[in-house]
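One chain, chain A, appears in both complexes that follow, with chain B as partner in the first and chain C in the second.
So, the complex of A and B:
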């Protein structure tokens, strides 16, 4: 099997996801590909490329980090903030070390409004 | 006088010789005149020239001495003038040298004062800069320490006071501010 460029692999997976293919199955195939070619250390880069390609086509995957679980109301507000996108998938993370506030990260942007970040800026 | 006139009269009356009347021997007188003339001739021929020569020599010596004295006086006066001139020149040179030395000393003193002043100014300036740096560093250190203390205190308070409701409000505010951008 020929080794394909990361960008091409990401594009194929993004296309298949948008065509309704099972994400679980695609991730398994991607994992197999990475293991076979010894590219497991680059898994984050592949995922970031896939997310970036999806974002350019109006489908954003957003990592949201808070100290407590988000309420439905907040989820709606966050989704609303990405009004230009066809679909928004929130990937929520609970991290008490942020103390409060929210950190929102997309494939190409980072918005950090956590209390821990404010305190870090204050200490700097 | 009347006696002499009387004798002349008596001699004339007796018809005798006047010289005899006067008691003068005419031949003796002639011999004496001749002897006198011989003496004068002799003196003029042999004595006076020697005396004159000696006198002239003496006069020349005296004149020479006088000239020498005059010349010595003139030389002395000239030497005195020259010495005075040299003394004046030496005094002037000494005065000039002293003046130059004073000026150079004043210049050296002024330069030394200026150099010392610059050095002192530099030292003061350096000290001020050092103090300012130290003060700035102390302020910066204090500012950082205060910021850390404030941050630590704020973290502690927020951890104690921030509940789910307050956290939600913080998140809503952050999202709203992001949307306004």
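So, the complex of A and C:
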């Protein structure tokens, strides 16, 4: 039996999500698929793939990491940066180890303007 | 002084920080999902290109890898450094460029690894130019036919299987038959004859003790000043072994493209194919014959095609390649040997039997061939060596028959007699490449039959005496002959001189 590629599975799920299918049910189905094929270890890769496909269809999920809590104006600015998108969901993380600045990560792109990253680059 | 030092440091730091401020940009990123055996599998980076360099972040700086498998779900990349530092989950970013190495005259006299990093402890190498490791070979219009000689200094080769500048001549044979020796002598000859040809020696997975001995020897012979050594040892990752020939080729191409002549030796391509097989199997590419991947022919053809003689418009530079292949028990019909034989413009086949009989270099006259070198042979050598290959093969054939009975007619006896002496004459110790005049004089004297009455064991002494005599008596004429530009006619002054001297010298050795 030919293995269905991760990308194909992700595409089906992304399409169904956009068509208004219940996400809970879809995730249950995906979980069943992963368990059946012994792919549970790859679950986060599947989620990332779904995110990246959703992003290409205009629905971005963005991870924002800062040392302190985001202000509303900054939130607006970040959302504005993704101007071409129909909807932008921010997942905010607070991590003191970044020291300062901001890290914005989508499923396959990264904008790293944190102090910790700059220090790392200086060290390299 | 110390104060000034601190000031410059502060300035540099400020500049570095300023540069970082501007560097924040949206870049694609991926993560390592699996790592092992020098291969990493990466999630993301869907925009990465084939053979692009990727940077993998680790706790101690970044490690480079290059992408070879671009698949729907993941990227397979081969690490250029230590895989023990790379962990699953590490961040990967694109570099935006393919692999390149420093090239230029600054590398001469140095020993480097396939990434151009010095291995000889003589400080950093700062070159003005960089060359692509993978570069398409020059096209049809950029080439010219091979017409200049690349003298190896080995009489058996220069007389029978001449090599031209821009040619690819394979050196093939079992282990311990003197393949590398031929290559080294050729390098040494470039310095002895002051041809100005730059040598690039690529050691693919060779024992480092062997490489170090070779470098010492080249230095002793004064050849190192015009030589670049690209060294990889058996303990280096397969990726470096795979890259070494391409990197060396890029270094040689610099000279080719700058109107100079270069000679590159790949020692050896068997190990290169094995390293590539390892990489391919780890990248899960399907194995084919002898478990080599399907593109193992292309692996070598694209490498050897970069050796070329350029057209006058492009500066008429050249890159001559001498790949080496090691066979198992003389089997030249194995997969890799047949591939490389069909790619190159001829091969020099070294035989174990000959080597053990004391015929060194152990070049097989029957199985060796040079497909383009005839045009490139020096006129002087060509004019005297025409009958050499024929008479040697006639001798071999007769010698096989002569074993059955001793009743031989006079003519056969004479052919055998001449053949034994010719074989003896073509023996040549290592590190003693011969100039054109030495080759011409030796062949002329033997062909004319002056040595026919000299006992076989004294042939080498007679030859040495002849050469000493000629050099001490007529230095100027020999210098002229060494240019090799003129044909040596049978009744020319120089031929007469050689014949006369040979007759005189031979008298003293006849029994």
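We adopt the following convention: the second predicted complex is superposed on the first by the 118 of 124 C-alpha atoms of A that agree within 3 Å, B and C clash if a C-alpha of one lies under 4 Å from a C-alpha of the other, contacts with A are read in each partner's own complex, and residues count from 1 in each chain.
Assume a residue touches a chain if its C-beta (ideal position, glycine included) is under 8 Å from a C-beta of that chain, and two chains touch if they have at least 3 such contacts.
The model shown is predicted, which means the values in this text are computed figures rather than measured ones.
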{"item": "Fit-or-clash call for chain B and chain C when the two complexes are aligned on chain A", "value": "fit"}
{"item": "Touching partner for A:5 - first (chain B), second (chain C), both, neither", "value": "second"}
{"item": "First (chain B), second (chain C), both or neither touched by A:43", "value": "neither"}
{"item": "Touched partner set for A:79, first chain B, second chain C, both or neither", "value": "neither"}
{"item": "Partner chain(s) touched by A:99 [first = chain B, second = chain C, both, neither]", "value": "first"}
{"item": "First (chain B), second (chain C), both or neither touched by A:29", "value": "neither"}
{"item": "Which of chain B and chain C A:110 touches, first, second, both or neither", "value": "second"}
{"item": "First, second, both or neither for A:122, with chain B first and chain C second", "value": "both"}
{"item": "First, second, both or neither for A:71, with chain B first and chain C second", "value": "first"}
{"item": "Centroid geometry (CA): angle chain B/chain A/chain C, rounded to a multiple of 10 degrees", "value": "20"}
{"item": "Minimum C-alpha separation between chain B and chain C after superposing on chain A, in Å", "value": "6"}
{"item": "Overlap of chain C and chain B interfaces on chain A (superposed complexes)", "value": "104, 111, 113, 122-123"}
{"item": "Touching residues on chain C, where the partner in the complex is chain A", "value": "16-17, 20, 23-30, 33, 43-46, 57, 61-62, 72-73, 91, 93"}
{"item": "Chain A residues within the chain C interface of the complex", "value": "5-7, 42, 45, 48-49, 104-105, 107-113, 118, 120-124"}
{"item": "Touching residues on chain A, where the partner in the complex is chain B", "value": "66-68, 70-71, 73-74, 77-78, 81, 99-102, 104, 111, 113, 115, 119, 122-123"}
{"item": "Interfacial residue positions of chain B with respect to chain A in the complex", "value": "144, 147-148, 150-151, 154-155, 158-159, 162, 164, 166-168, 170-172, 174-175, 177-179"}
